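Encoded as structure tokens, the structure appears first; notes follow it.
Note that the chains take the letters A, B, C, D, E and F in the order they are written out, and that residue 1 is the start of every chain.
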Amino acid sequence: MVYLTRVEKFNAAHKLWVEEWTEEQNLDVFGKCANANWHGHNYTLHVTVKGTPDRYTGFVMDAKVLGQLVKRAVIDHVDHRNLNLDVPFIPAGIQPTSENLVIFFWEQLVPQLPPEVTLHRLILHETDTIYAEYYGE
Amino acid sequence: MVYLTRVEKFNAAHKLWVEEWTEEQNLDVFGKCANANWHGHNYTLHVTVKGTPDRYTGFVMDAKVLGQLVKRAVIDHVDHRNLNLDVPFIPAGIQPTSENLVIFFWEQLVPQLPPEVTLHRLILHETDTIYAEYYGE
Amino acid sequence: MVYLTRVEKFNAAHKLWVEEWTEEQNLDVFGKCANANWHGHNYTLHVTVKGTPDRYTGFVMDAKVLGQLVKRAVIDHVDHRNLNLDVPFIPAGIQPTSENLVIFFWEQLVPQLPPEVTLHRLILHETDTIYAEYYGE
Amino acid sequence: MVYLTRVEKFNAAHKLWVEEWTEEQNLDVFGKCANANWHGHNYTLHVTVKGTPDRYTGFVMDAKVLGQLVKRAVIDHVDHRNLNLDVPFIPAGIQPTSENLVIFFWEQLVPQLPPEVTLHRLILHETDTIYAEYYGE
Amino acid sequence: MVYLTRVEKFNAAHKLWVEEWTEEQNLDVFGKCANANWHGHNYTLHVTVKGTPDRYTGFVMDAKVLGQLVKRAVIDHVDHRNLNLDVPFIPAGIQPTSENLVIFFWEQLVPQLPPEVTLHRLILHETDTIYAEYYGE
Amino acid sequence: MVYLTRVEKFNAAHKLWVEEWTEEQNLDVFGKCANANWHGHNYTLHVTVKGTPDRYTGFVMDAKVLGQLVKRAVIDHVDHRNLNLDVPFIPAGIQPTSENLVIFFWEQLVPQLPPEVTLHRLILHETDTIYAEYYGE
């Protein structure tokens, strides 16, 4: 069993804001992240699959194909978008925190992967000092 | 003459959109960067001053003071903000491209610096692959 | 279960030196790291907690609060300090290697964390080419 | 149990090419990586061992010794070499993909490690966006 | 005058070898870099142009267009290629050192740039510890 | 004229402390950097020379030789040392700030360089957010 990781990047806007709360509550909990006019990040996503290297190609899976698949299933929907408003697979009213994003991305990626690999881990870097990690359970 | 650089970061939303143009023209020129609901970046700003190391402190200027000054003059106004809407020193209708931002930041910084140093260079990284640089003229 | 990591940095001096050994033995085992007048590093600490994203905030825990907590429990005691002499929670005579530091940091962090998360992993980078990792057992 | 990682780098040429296939098949599967005159990479290898910090030295094992051992067992055989032609421990006809390399490197490293540690993990970065990881099974 | 930089990467094989010299001379001067079967690198190229931000777009030039132009003029000719054998604009018998490459790349880029900008600087990183820089004269 | 840069690293202890001042003055000016028991950094030094690529080797100068020369002239004297106490070429009582260090390093390097190159620039990174730069005048 060998693990192969592909790294892809996207740039997006978001804010953290709970509709059921007052402005005061939102600012109290989320601080600057609740700025009404949004802010944004350069996100970096590490997608790790596991499998056995093919006897001919030496690939767990083709890293180029993995990259295309991650772009189609995730990056194309979030790059240069607003994570609160523009992304069909992020339900309205759910905060687009890195912790929630890795779960939504996982659900998008699993059905797209070829049968010879299993999705093992997602790591999403939101800034140089904050990242979330998910193993599917 | 020695050059001292302080690096500070901020996260902001923006879009590129010329009001005088049609939606089609904007999408044609700016592509994804014209997304109506904004996108955003983790920006990294390198502020370089030049001067002579003080004979007692060995400082061109105190790097901690330089950092505080950059935060007060620039970062506090742009961090977790919308660069098109929220920043007093970015005129409405001017595109918040990295090329324009370094000019606006320069104007904010020059009057704040202590007399013993001169502002030499600003470098603003918008992504890992794009950055703008300005020397004040 | 989602994992959230916060990265914090500190700069410290240390040396590796076993009191019970002769100078010759110390130099033989520790080489340059036994320099009597100390040397130092820029350390980078990755603190990973695990938990379930809150249904309202989307946070496993607030990354800003995690950062403050790491600063108070660890960074404030080691930043710009001598790891052999200045840190109450590093016992005298115990080598401040990265391997030992992650164990001491773990013990400082566990009692400070809020009940909704569990400390999962510490990674301490001493240089670009050496790092230690600890999972609490 | 503490994990200690040493990072070492090497620069090598390789190509991906299955002898049993036609040129068309090779180009179809491997694309640019099948270029007849080779291409190359700056590889970065993370070698992680686990063990208990020694009560005197505080070392799981001496990181300098670990580095020397990784150089002798792996780096000296692959640095500034052709991974398809020049490396005794990579069998002819086996693709030098990162997924296969971590397995071959693992086999080279295990017999060289001192008894107080166990090899835990290898990570091999081929580019900034592709890496393979192996845990020995 | 504002400077805009676009960063592009490529992976290539090369060796350093002077045909007029004996094998012994080549090994003496170039060491491991003269390995007959080649070695390779992940190269990173920083292309900096200078100009005045456009009053409408805020662009010195469109960074996406700059990237496409760099790919077409340089990257497509060197990525996954052998720098000694495969690149029309690198004369046979000229060593593909980073110092020579930046000069050849400069000559490829200048005629491709739009009239509103001037090529200012090329930086080519061959490894993490070696890079060459060229200003066209 | 092409510029060639070699990057070397060292780890050192230091403190900032003016003997002529009281403890209160020192703490007031230098804060944590005045800690009596020292602190330290992982320093990164970029040494840039300029010259013309040799018609045979394609080298401005051999980057490996440049590295050896930087190690012998600078790194060997500061690595795993105390910059206030252990370095013959840093005068007692002069603060080992990055701004002063680049000047001392410059003086060490100039007489060691071969005649075909000129020392152009030194950049010394003290942390990820502070660096000093010197051009010899």
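We take it that a residue touches a chain if its C-beta (ideal position, glycine included) is under 8 Å from a C-beta of that chain, and two chains touch if they have at least 3 such contacts.
Note that the coordinates shown come from a computational prediction; the quantities given were computed from them, not determined experimentally.
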Inset, instruction - Count how many hops through touching chains it takes, at the least, to reach subunit E starting from subunit D. - result: 1
Legend entry - Identified repeat of the B-F interface (over half of residue pairs identical), from A-B, E-F or D-E: E-F
Inset, instruction - Could you pull out the chain whose C-alpha mean position is farthest off from that of subunit D? - result: B
Inset, instruction - Determine the centre-to-centre distance between subunit A and subunit C, using the mean Cα coordinates as centres, and give it in whole Å. - result: 29
Inset, instruction - Report, in whole Å, the distance between the mean C-alpha point of subunit A and the mean C-alpha point of subunit F. - result: 41
Inset, instruction - Any chance you could list the residues of subunit A touching two or more other chains? - result: 128
Legend entry - Pairs of chains found to touch, sorted by chain label: A-B, A-C, A-D, B-E, B-F, C-D, C-F, D-E, E-F
Inset, instruction - Within their complex, state which residues of subunit C touch subunit D. - result: 16, 18, 20-21, 29-31, 94-100, 102-103, 128-135, 137
Inset, instruction - Under the touch definition given earlier, write down the residues of subunit C that touch subunit A in their complex. - result: 1-8, 48, 53, 56-60, 62-64, 67
Inset, instruction - Mind listing the subunit F positions that touch subunit C in their complex? - result: 9, 11-14, 32-33, 35, 37-42, 79-82, 85-86, 127-128
